[in-house]
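One chain, subunit A, links the two complexes that follow: it is found with subunit B in the first and with subunit C in the second.
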Partner chain A sequence: MLLPKFDYHEPLSVDEACQIMSDLGEKAKPLAGGTDLIVNMKKKILSPEHLVALSRIEDLRKIELLNGSVRIGACVTAAELAESQEIKRGLGALGQGAGILGSPLIRNLATVAGNLVSARPAADLPPPLMAYGAEVVLKSRRGERTLPLETFFQGPGQTLLEIDEILTEIIIQRPPESAGAGYIKLGTRKALEISLVNVAAYVALDSSGTTIEAARVVLGAVAPTPLRSPSAEKLLIGEKVDPSLFEKAGQAAAKDSRPIDDFRGSAQYRRDMVAVLTRRALNMALEQARRA
Partner chain B sequence: MTQYTVINKRAPRLDAPDKSTGRAKYVDDMTLPGMLFGALLQSPLAHARILNIDVSKAKRLPGVKAVVTAEDAGLIKYGVSPARYDETLFCHEKVRYVGDEIAAVAAVDLETALEAISLIKVDYEELPAVFTPEEAMAQGAPVIHEEYPGNVCAEVHQEFGDVEAAFQDCDLIRTDRFVNKRQDAAFLEPNGCIADYDRFGNLTLYTSTQVPHYVQRTVAMVLKLPVGRVRVIKPYVGGGFGPKAAANPMELAACLLSKKIGRPVKMNYSREQVFLFSRARHQFVHTLTTGVKKDGTIMALKNECYLEGGAYASFGIATVYYAGSLLAAPYRLANMKYDGYRVYTNKPACGAQRGHGGVAARAAWEQQLDAIAEELGMDPIEFRLKNVMSAGDITCNDLNMSSFGMKDCIEAVKKGSGWSEKKGKMPKGKGIGMACGFFVSGAGYPIYRSDTYHATVTVKLSEDGGTATVYTGAAEIGQGSDTTMALIAAEALGVRYEDVRVASGDTEYGIDLGAYSSRTTLMTGHATKEAAESVKRQVLQVLGDRLKVPVDQMDIKNGYIVFKGETPDFSSIRTAYIKEHRGWTDNPDEEPLTFREAARLAYLEKGTIVGTGKYKPGKLGGKYKGAAVGTSPAYGCSAQVAEVSVDMETGKVSVERVTDAHDCGFAINRTSVEGQMEGSVSMGLGEALLEEVKFDEKGNILNANLAEYKIPTCLDMPNVKSLIVESNEPNGPFGAKEVGEGAIMPTIPAILNAVYDAIGVRINELPLTPERVYMAIRRKKGKQ
Partner chain C sequence: MKRLITLTINGKEYEVAVPPNLTLLDLLRYELGLTGTKKGCDVGDCGACTVIMDGKPVNSCLVLAVQADGRDILTIEGVETEEGLHPIQQAFVEKGAVQCGFCTPGMILSAKSLLERNPRPTEEEIRTALSGNLCRCTGYQKIVEAVKDASEKLS
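== the complex of A and B ==
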């Protein structure tokens, strides 16, 4: 399979990139790691006339701590996320997701923003990011807007990103000390795997360390977009931690999931697995919250 | 026991430096002057009549040098087995699967060739298609090949002994149905080739193949060229596993295009095209009925099998025979009945893959035997040991186990795995299982009926006396045959491994049927040994004449001449040698007479020293129809113990340890034997847990890539304890026989039996995906 012909742009700043995107409109696509875009171009699923490479914009490659928030540049790779001390400290579930995305070769190229704008229902980074309540910053010549990540996804391959916009960074408020999160994916093999189901869970405990103050449960590959489970969260918040609670939360999450049958697996199996993985992810989150 | 100086040790591979530094040349690394690029037009429909093909636009595209269809290729039928030649180079009249070849283009670059392909207009009339044996064999089903009205490509009906009578004497009879899935061999290097037809009418084809010889014959036949005008050269090959064991349409198309244009033409399959060409493992549906006595004696086996074959025969006739014949061992079995049907469907053609025809049958039966042992209250190992064959046994279908270390293999894995401490004592979710298997060590007969030698080898000494080169048509495809031949030649000649070079994989170097049926070590090994021994004899003859020492009083070992009696005065030879090499810094000095001095002397006396060797098996096997499939000069056998851990909530199986014993007769290179054993475990593990080529309802492959067609990653591989068993095969060179394919036989059933041990429910369908295992656990819970 050969790449179709295209023009290649290499802006050195976000402003320059936004200008090019604004000028070219539908004809252009931003290029970050290319692990999704280039493959789809080879398959002739996408054939943009212009690629706007973001790889030389230094600002997009940083992980910064700012006033209690962590700002992750769009072009930070999965490998960098997985190894980052800033991420490991307090945002462990994101590091876990980044560390099992694809294979080492893919992780060296694939970027955090790419994993979001491609909007694959089984992607590894949206669930942990949504569990941490991440926001995305979208920039264009027209200005800048910040959206909660969970509103960003509209369907498989579809997001609120406008044609001239570039996702430039992800902002996460640092979770409190008493919080923890976990991420699990289930595939058929141990690596280089597309999730049959993935789940991220976040819990924050009160000062006594026994009651759940805040909870987020995010399910992947069981709906057109990564999905929060309101029933599970409702069931958890304000309750005292005990093993049967997580079991019930798992059941509730399974009810919230909307999986389909496809060649990778059946809806029934996926729904059953949501319950199992939710319970396990909650246990991981709790363990981390208690360790703090 | 004979003391060997070169073989039976751990030799580094000859190809390791090139492959590990990226210097190894595969066909896609090659460029010839004036080379064009070819592309194929393949059918988008599973079954359709071709009403019209319009190539006019494609021909007009600048840069296009030729467009060819069936009109140019002719309608010569070819295939694997002459009894089922059912393919033509390009489809005429109709297409039979998504991927069937319709036309080919050669152009100045690949972009132009692909664009030209997109400009060919084909009018189709879509026909109803069939995708399963049931659909294909149903009353009134659409016919795929007119010559085969019921869509049955081949059927086999055999009975040895009297199965029904034997069942009368059984205490326990059990029937199970077992299904595997269609595989892709998932070799690293997609097929590729360069065809170069020169102005003298000679065609040279560089291709990624397991079988230069068969490709040479098929190309000659289809292109109507004398065989002697066709030369097939195999550069380094990145794996084959079966699907590269016959000519493919791309090779033929490249040859046709090059012949037409008079320039070299390169063509490659994309990964998707590898899946479309397929020729890998069939789907088998086995129904097995086994009868045993209370004491565990296996009395009779009834085997019914349906193979989903795809659109063409490929290796299918052999496959359907193997699916029966390869259950006749390793257990004593007097009564065996087999009914096999290989059925055409509108899917890519299946063919041969590692463990040809026998892998699903073996998995089915070894799992059933495990269930029977349990019903009898016997330990599965004791049950197998009770029935196991030994050297000298002949199966009910006339396969002669001339050496057979099956019992040693079983005992080795029992001890090596700590079976007795573990079996029955593992917690829920953990399990241990074992299985056995055997396989041919080279097909007893060529694919076409012939008295041809299966291998001819030439060993030539360099005129300086320092190096021996082995010339062989054998196909190094990554399995290590070059290394094996170098070791055999070095041992037989008496020189060091590093003083032997191997030139291989070229039809100019001699006859070699190629890398399939685990034949190379035994067959090419015999020919190599004979050729090297001839060279040794010639050198010693000249030396003996000069020194007045009888030849039988001398030997060559490790590069030195060994005199059994008193060392004669060889100073005149040495003086002459040193005179010829005035100024050299490495002349022999105090040391004994060297091989290179003797070899140089032999050259000076007789000219270039060349020895030839040849091999074909003697008369083998029975006289019944189909007896040729399964006969072999020797049989390898193996036993494996798998230990698994199953996540009872998700159904995910993790294979944690495998203990593997294989009887290879005699290990020429211990490292290579272990490599084959580990590779077999990896391939078997993938087939057991992960692999399945999936289709939509129109016959399109859903997972024609290595992201969605899942083979094991290194993280999925367990630690493998490889135990080599040596039984000294009388028909093998230095006692050696196969390891390449037999080693895969026990892997799937050992895992199946271990999973049963872990979860308490038998699963009769592969692969054991988390979902399939989870559903089985759930069904069992539901029943309780």
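== the complex of A and C ==
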């Protein structure tokens, strides 16, 4: 398959990249890992006149710890996330999602920002990032804005990113010691799989270690965008931990999900699996919270 | 407009003028004649086009040639030495891990990258490391055995 023709730009700083995006407007697309964009261009789904490669901008390749927050540069790859000690310590569910995305070859190219901007409903990084309450930083010549990731997604392939903006950074407040999170992906094979359902869960315990102080449950592949489950969260917060509670939270999450029937699975099956995976992800989160 | 890029392939420096819409895979195969890197699906699913770029195995069908400017590339042609086949290649031959051979270059490069990071991998780790490389002939068993065999000979 031949790629459509385009002009190639390789800025060395975020400012330079923003200037190019501002000058070219909708004719240009930022290129990060290319694992979605290059494929879509080969299939002629997209044919931008200009590509603005972000891979040479060193500032976008770092994972930094700053005043209790973790800042992940846009071009950090899935493999780098999965192997990072900073991520393993305290943000394990994100490492789990990154470690199961695509294949080892894809993980060496695919970037964290690409996985968000592509906005596929079954993507592996949005659920764990939303479970940790991540925010995204969008930059353009007009300025900079920071949004909660959960408001960023608008539909399949659609986000709040404006045509001249670049997603430069993901910010996560480091969770307290008494918190934990888990991510589970259900598919029919172990690699190169698009999730049938995926679930990320986060819980924080109070000082006694018995009551749930905060909880987030995020469901993937069961709605046009990754979805928080308000009913499950409401059911969990303020309650004492016991096995039947997670069972009920799973049922509540299933009710909040809005899956469709397609060739990969029926809506009913997906809804049932939301209940199972939510319970399991909550157990993973609890186990991690208690280990602290 | 073509761009002049410089890259190292199998230890040799190349300076080539490439159009932006040329992939690294097509540069290797059609401009430089390095046809050991195979073109299978061309969309990052099959792994036949695997090369090692700056120490990491990647799908060369998803990398633009211009993005490989300044990088160090290893293809299957760079794995054999004057002493003969690399121990991983030898193990593939001995264990019957090569049937039609189309996936073999990618398999060997993914395996090489694994054994450099993890000289004594478990079977599970081998299967995970090769999970981006599809084989339609062997059922994978002989490939996994070959990598295990090579890991024992190398360490």
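The criterion applied here is as follows: the second predicted complex is superposed on the first by the 292 of 292 C-alpha atoms of A that agree within 3 Å, B and C clash if a C-alpha of one lies under 4 Å from a C-alpha of the other, contacts with A are read in each partner's own complex, and residues count from 1 in each chain.
Quick note on the criterion: a residue touches a chain if its C-beta (ideal position, glycine included) is under 8 Å from a C-beta of that chain, and two chains touch if they have at least 3 such contacts.
Predicted model, so just to flag it, every value in this text is computed and none were measured.
**Student:** More subunit A residues touched by subunit B or by subunit C?
**Tutor:** In the superposed model, C touches more residues of subunit A.
**Student:** One more residue to check, A:12. First (subunit B), second (subunit C), both or neither?
**Tutor:** Once the two structures are laid over each other on A, A:12 reaches no partner at all.
**Student:** Determine, under the contact definition given at the top, whether A:79 touches first (subunit B), second (subunit C), both, or neither.
**Tutor:** In the superposed model, A:79 contacts subunit C only, not subunit B.
**Student:** Now for A:260: first (subunit B), second (subunit C), both, or neither, which partner does it touch?
**Tutor:** neither
**Student:** Going by the contact rule set out at the top, does A:2 touch subunit B (first), subunit C (second), both, or neither?
**Tutor:** both
**Student:** After the superposition on A, what does A:276 contact: first (subunit B), second (subunit C), both or neither?
**Tutor:** After superposing on A, A:276 lies in contact with subunit B but is clear of subunit C.
**Student:** Looking at A:188 after the superposition, I want to know if it touches subunit B, subunit C, both of them or none. Which is it: first, second, both, neither?
**Tutor:** So A:188 only meets subunit B here.
**Student:** Please work out whether A:196 is in contact with subunit B alone, subunit C alone, both, or neither, and reply first, second, both or neither.
**Tutor:** First partner only, subunit B.
**Student:** Which of the two partners, first being subunit B and second being subunit C, lies in contact with A:109: first, second, both, or neither?
**Tutor:** Touch partner of A:109: subunit C, not subunit B.
**Student:** Share the list of subunit A residues that count as touching for subunit B in one structure and for subunit C in the other.
**Tutor:** 1-2, 103, 190-192
**Student:** For a test of understanding, state which residues of subunit C touch subunit A in their complex under the given definition.
**Tutor:** Per the touch definition, subunit C meets subunit A at residues 1, 3, 19-23, 42-45, 47, 50, 53, 56-59, 61-64, 66-67, 110, 128-129, 131-133.
**Student:** Spell out the residues on subunit A that touch subunit B in their complex, using ranges where they run on.
**Tutor:** Answer in residue numbers: 1-2, 103, 186, 188-194, 196, 263-266, 269, 272-273, 276-277.
**Student:** Which residues, counting only subunit B, touch subunit A once they are in their complex?
**Tutor:** Listed in rising order, the residues are 110-111, 114, 270, 272, 649-650, 652, 654, 689-690, 694, 702-703, 707-708, 710, 712-713, 715-716, 769-771, 774-775.
**Student:** Quick check on the complex: what are the subunit A residues that touch subunit C?
**Tutor:** These residues of subunit A touch subunit C: 1-8, 10, 31, 33-35, 38-39, 42-43, 51, 53, 55, 79, 102-106, 108-109, 190-192.
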